[in-house]
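Just so it is clear, A, B, C and D label the chains in written order, and each chain counts residues from 1 on its own.
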């Protein structure tokens, strides 16, 4: 579970979370998720594990405002030959649903072609977390 | 057509466009699209037209790198009672497909409840552009 | 003390923290600083306390990379009639200096003219923190 | 001269440009400045020219709002042995001063140590622009 607050730079002139910022929050959650499972993101990069995003989507259920505390739960939806589908649920502190997101990563080699999901990443994604 | 370049702040340590930044670019394209049709975004806000994003998604087809010039084409996919579905196609200068995106807005009143798409917005979306 | 990690969206194609992102981190630190002193940022806005930034500067002492854990210490450098000068020191987990920043806020009324620093803000800034 | 508009993602819940975003705009201006002088930023990176920011500062003179059109003028304040000081002036379309910024870059080698400003960069900075 990743915990953060909506900061001024996350909001827009309409007074709510600017929608693109949700994906920044989702990425932070992904990195925290991996770190809790023994695979900090810097280790990924050092190990040559590249997993760029090929698809990202989000549904915004209720507006988030400046200072709102949120909890983001990450889960592995599925792992394919070379792809990983991650699901995210964003809740306000009172438990109400604020947003949901899905991000699909594809593992690639240094030549940019897809490769099987590296064992280190597969193990981390399958583990129970700290 | 919105034209921009991938700036250093759009990229990440993997050397490519950070995926969340695409949605910033898409928003800029939406604003340029409306302005070309006589409805600058500041006029929207002044007129009390609020159209927050309820769904956003993107597919990343080929990586964009620092300095890459891109063209983003916006089109209205459909207009519902209170919602607007906008489609975006991002191409590199050589015409190759870099990304596609879909953003759904819902028009709301100051109480946060959905309202019919305001006439001024509907007219702008239906117009041919400058 | 505000604690965070350098996330992928904070980095750039040169592999380090994109300099503008430091100011986002500094703003988060300011909000945490105020919250610890009983003045969460949403309460500021609700109370009509507006304190836009009129000056911001930062010195970057050593590069921060993806996944780096940092601690940011905030302190009040001085409080003037209508202005507040906040100082920030960013350190890596090993204690080494990564960056320093200074941000000057000026308190304004709803008409945009400067006003004396509101008592609630002054008290919070003078308090010892949680 | 770099021209842009304040987009929704540049603003914050106070209804104005979020201060940190000014530095993103300044970076875009720097890249446009170099490109006009024959040194696109991607060519810099390819040529191994690394010039990270060691100091950045900005003064905010008048608030910028959603949709505001701005012009940013860049100029070389000075070039040292290994450093470059760039000055920026941000004006609204009506010519009124909105902000000023100063950014200091230091040229480094792949080992992270400072090196003399590379000739290609020095020439570009000294040239008159397109």
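Note that a contact is a pair of C-beta atoms (placed from the backbone, for glycine too) under 8 Å apart; a residue touches a chain by one contact, two chains touch by 3 or more.
Remember, it's a predicted structure, so these values are computed and weren't measured experimentally.
S.K.: Counting C-beta pairs in contact, which comes out ahead: A-C or B-C?
M.R.: A-C
S.K.: Please identify the chain with the largest separation between its CA centroid and the CA centroid of chain B.
M.R.: Chain centre farthest from chain B's centre: C.
S.K.: What is the distance in Å between the mean C-alpha positions of chain A and chain C?
M.R.: That pair's centroid distance is 25 Å.
S.K.: Take the average of all CA coordinates in chain B, do the same for chain C, and state the distance between these two points in whole angstrom.
M.R.: Roughly 31 Å separates the two chain centres.
S.K.: Where in chain B do residues touch two or more of the other chains?
M.R.: If we look for residues of chain B contacting two or more partner chains, we find 8-9, 13-14, 16, 20-21, 24, 27, 45, 65-66.
S.K.: Please give the residue numbers of chain A that touch chain D in the complex, ascending.
M.R.: Interface residues on the chain A side: 8-9, 11-16, 18, 20-21, 65-66.
S.K.: Under the definition above, what is the set of chain B residues touching chain A in their complex?
M.R.: Interface residues on the chain B side: 13-14, 16, 19-21, 23-24, 26-27, 45, 50, 52-60, 63, 103, 112.
S.K.: Note which residues of chain C are touching chain A in the complex, please.
M.R.: The touching residues are 5, 7-9, 24, 27-28, 31, 35, 40-43, 45, 65-68.
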